[in-house]
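Chains here go by letter, A, B, C and D, matching the order in which they are written, and residues are numbered from 1 within each.
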Amino acid sequence: MSTPVIRGVIGYTITPFAADGSVDLNALGRSIDSLIQAGVHAIAPLGSTGEGAYLSDSEWESVVRFSLEKIAGRVPSVVSVSDLTTARTVQRARLAQACGATAVMVLPVSYWKLTEAEVVDHYRAVGAAIDIPIMLYNNPGTSGTDLSVELILRILGEVANVTMVKESTGDIQRMHRLYTATEGKVAFYNGCNPLTLEALVAGATGWCTAAPNLIPALNLALWDAVQNGELAEARALFYRQYELLAYITRRGLPTTIKAGLKMRGQDVGAPRLPLQPLDPQGRAYLKGLLDALAPQ
Amino acid sequence: MSTPVIRGVIGYTITPFAADGSVDLNALGRSIDSLIQAGVHAIAPLGSTGEGAYLSDSEWESVVRFSLEKIAGRVPSVVSVSDLTTARTVQRARLAQACGATAVMVLPVSYWKLTEAEVVDHYRAVGAAIDIPIMLYNNPGTSGTDLSVELILRILGEVANVTMVKESTGDIQRMHRLYTATEGKVAFYNGCNPLTLEALVAGATGWCTAAPNLIPALNLALWDAVQNGELAEARALFYRQYELLAYITRRGLPTTIKAGLKMRGQDVGAPRLPLQPLDPQGRAYLKGLLDALAPQ
Amino acid sequence: MSTPVIRGVIGYTITPFAADGSVDLNALGRSIDSLIQAGVHAIAPLGSTGEGAYLSDSEWESVVRFSLEKIAGRVPSVVSVSDLTTARTVQRARLAQACGATAVMVLPVSYWKLTEAEVVDHYRAVGAAIDIPIMLYNNPGTSGTDLSVELILRILGEVANVTMVKESTGDIQRMHRLYTATEGKVAFYNGCNPLTLEALVAGATGWCTAAPNLIPALNLALWDAVQNGELAEARALFYRQYELLAYITRRGLPTTIKAGLKMRGQDVGAPRLPLQPLDPQGRAYLKGLLDALAPQ
Amino acid sequence: MSTPVIRGVIGYTITPFAADGSVDLNALGRSIDSLIQAGVHAIAPLGSTGEGAYLSDSEWESVVRFSLEKIAGRVPSVVSVSDLTTARTVQRARLAQACGATAVMVLPVSYWKLTEAEVVDHYRAVGAAIDIPIMLYNNPGTSGTDLSVELILRILGEVANVTMVKESTGDIQRMHRLYTATEGKVAFYNGCNPLTLEALVAGATGWCTAAPNLIPALNLALWDAVQNGELAEARALFYRQYELLAYITRRGLPTTIKAGLKMRGQDVGAPRLPLQPLDPQGRAYLKGLLDALAPQ
């Protein structure tokens, strides 16, 4: 639990697809540049937002190579390497390290429910295979496995390079318990957009979010306000962007971020089937939110 | 949604019982004086903590009469008048008003699940019977009925003297949605102790809590820190008292508050059966928490 | 776990109210006679269906006295004596025994969540106060307390006159586990109408239901078919009455049974506020179901 | 909703792994032969039990080719072709058809929660790509998406070759509602082992289960008893095997079936990491259950 290597707003990239369904690396490059130019403190390729779970192995590899080359160390990077098997997760983690990732993120995705021993050994295997830090990621809504606070603390104690915890349950009590159990020493990150105000106030080291693809200035201003201890300003900034944060989370990040980017003139294609592009009603609602927040 | 009549830390009284099981009004009086002397901004008799649900009608009446005489307008008061039938709830609300209560609180306790129309008409009946404000109270864990944000907004719109909302689900998103839907105009109160930091940061008008029976100075300091915009101080104060707040909530308020008061030299008897006094293990744990926070 | 005193279809009475809100004992008498004439194997006054929780103490006493006089031993009776306090539950159990009840039913209704020790001691106190058998009743949807299979088995072991278990969670696995843990020796009763086919097939000793107020012949035919091992007949009978059983359970028993009785020419008044009479849409739906099943 | 092509006990194959982690086709062949010789009415390769989700694409293809060759039409076959993307699911369905599968099974596995339109279009795409029937599979515990009864009925209406429904929620009410909504015409299959008695009594067309790898005679006897309307015999047979059915389901099918097969002298290797072999305590418990049911 030393000084965490990543701090602040961590922007998630989408994975653009061309009309023929192939990955559009040029569009990905523009998206990475946009995030960095907007001022995000780190970049996370291939996360949930990046539809990493929907890519073939070769697509996944090309995206990780390209993303890290494009980021080129301008900001730290954390690559999601989660896979259903331990072997593939290890392989991806090694590749991410070889390509220069600052850290990797591991979500214990599962088909069969995992026992605690299976979860711990999964993290242990990844930890033993690489030298860079691991961000443990808890998101039962997508992974199917809920890591209790006690289990997270156990993994932090047993796997040396698990040094960061991304919590996406939306339950602020998990963060309070992580904080109190480690006397504030564990680096935890908020992964639930509509919980951002309280997570940052509760001491989160960072905010993992796809929102900076659409409203980076507001996201960064919220981060800054909390860091500067400006409570009234933080509250006002949070409520200003609240409905957008809630909507993209509720309606699905790849779906809404891709729709929003297109509204802003950046065509990154549709999400991959069975995911469908945002429907007309959703687009109208999202456009209303965006126009109110960041008129072009 | 005018200026709310009650603001700040609202202290809940316990209902002391003598060895023969009868209500001990002398001890109740001392408990009320303690809370007011400690500086709470308002007093709430006969709430969940006050075991209101376990009293006979005549006991309930004697406690409300005594409490309001004892408070004597030194601070505002909000009396819980909830009952399973509308008729009895109305009767209790009228008595509370006649005794000088500043406001009443109504939790839609139910045996059979209530429809939305039944909930609205219940509040409407109470609202029509009295002139003082009503604090709507949502706590599905004890009432069995969960009032959605939409239903709460509907009641606020349809029953003029429902002007305050006590939210005890522990879900901070409910508060965010109440705030954004009313542009910050609704007065909402936190009823979930371990959620206090975020509720106050999110704009809560008050904190309904039994904790000031044990650690009033820490509770009030947390309130003040948030009101003064001192974010780092608020966080530190919150985490200092966090485990105590979490424990009394998790283990049951009458049970733990009565045990804690006895440790502090104030004997208020046991909770009423089937509720039992805190067991030895619980007492040892609570004593450890109290001694660390407020050594005598 | 000796031979249970009650076996078969146990009909629940409603509690009729006159236009002025008082209990209508004459109508109650006619309702009891109807059930017995229709052939139910036992009668259960003052249960959930009987709005026992909404009656004043004196109303409750008059209903129990009247009901047991009216039943007059023609069939066994089981009286629901549940109350929030142990003292009142004991008092009611004694009264039921004094009035000649065959057995009493105890649901651990709670405001504050009860510990296992508190639940056990509550049953122990009732058990010690009376000589007749107790039917333990598990229904977390109305009581707020879920009794695990393990806890139920513990109470069966520790309180000698708890000899029957009414299970209303709707989870058939609870019944399987009660059956296997006691090698089929515990008498368990189904309290979830739409689960009746499987509960009886799984070995339930009886079916606690308000449905015989409306369709007694179908209910009894289903019971008989299972007892006679006529599987195809049981399935057909169950599916024939399924939607009615599901609807009255989903929409609330006092509300729907009172509406249905009125359609059949038996005016038993409205449920007590905040419960409201069935709305016009619900009445039309219920009438359609009834007309299809038991045309007059 | 014509006569379903598959009826009865559908045995699921495990996928054996050699010590080096590769698929052991010889052991798979022996396992298929065992199931058929034991009398199962159909075989389902590559389901949840078959760890289909943990195989690489080439492994998956080799298993489907081998399995269908080995089955060789001796009994009908239903191949699980579920994948996170629609494209890959279609590709697998086509391959299964080309290899001679009787039917395919499709579980809407998801990372991002799917809308109803996305689920329907996913089934529509698979349906359009093949000529053989589809068994829709609902199992939110592994897929993350719960298909409501209404949505299932919609898909049955809109996609002509979806003709079978495998329900694994464990909620018998889903089956009752499927039955009543289609007047008993939809072919539904039980996928929750400890619900088998009630599912068959409720009219299920089949039982999808891995249990015949271990206790085929008991499984088939239960099926026969219900088909013959022998209710008492069915109940006795069900309770006899109940704890084994509950345990393998609760503890994970690949894990327990592989452990059980080894106890019976059939070494099929360990499940694939992160899944681990059954621990010693689990093995002792399973051995006790097996020895009591099917002593060697």
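Before moving on, here are some points about what is shown:
FYI, contacts are C-beta pairs under 8 Å (C-beta built on N, C-alpha and C of every residue); 3 or more make two chains touch, one makes a residue touch a chain.
Computed from a predicted model, the values in this text were never measured in an experiment.
Chain centres here are Cα averages; for chain C and chain D they lie 39 Å apart. Inter-chain spacing, taken between the CA centroids of chain B and chain D, is 52 Å.
Each chain gets a centre from the mean of its Cα atoms; for chain A and chain D, those two points are 35 Å apart. Looking at chain A, one finds that none of its residues touch two or more other chains.
Interchain contacts close the chains into one ring where each touches exactly two others, per the touch definition above.
Here, these are the chain pairs in contact: A-B, A-D, B-C, C-D. Interface residues of chain D, counted against chain C in their complex, comprise 170, 172-173, 176, 179-180, 184, 194-195, 197-198, 201-203, 226, 229-232, 234-235, 239, 242-243, 246.
By the touch rule above, chain A contacts chain D in their complex via residues 21, 48, 51, 53-54, 84-87, 108-115, 117-119, 121-122, 125, 141-142, 144, 252-255, 272-276, 279.
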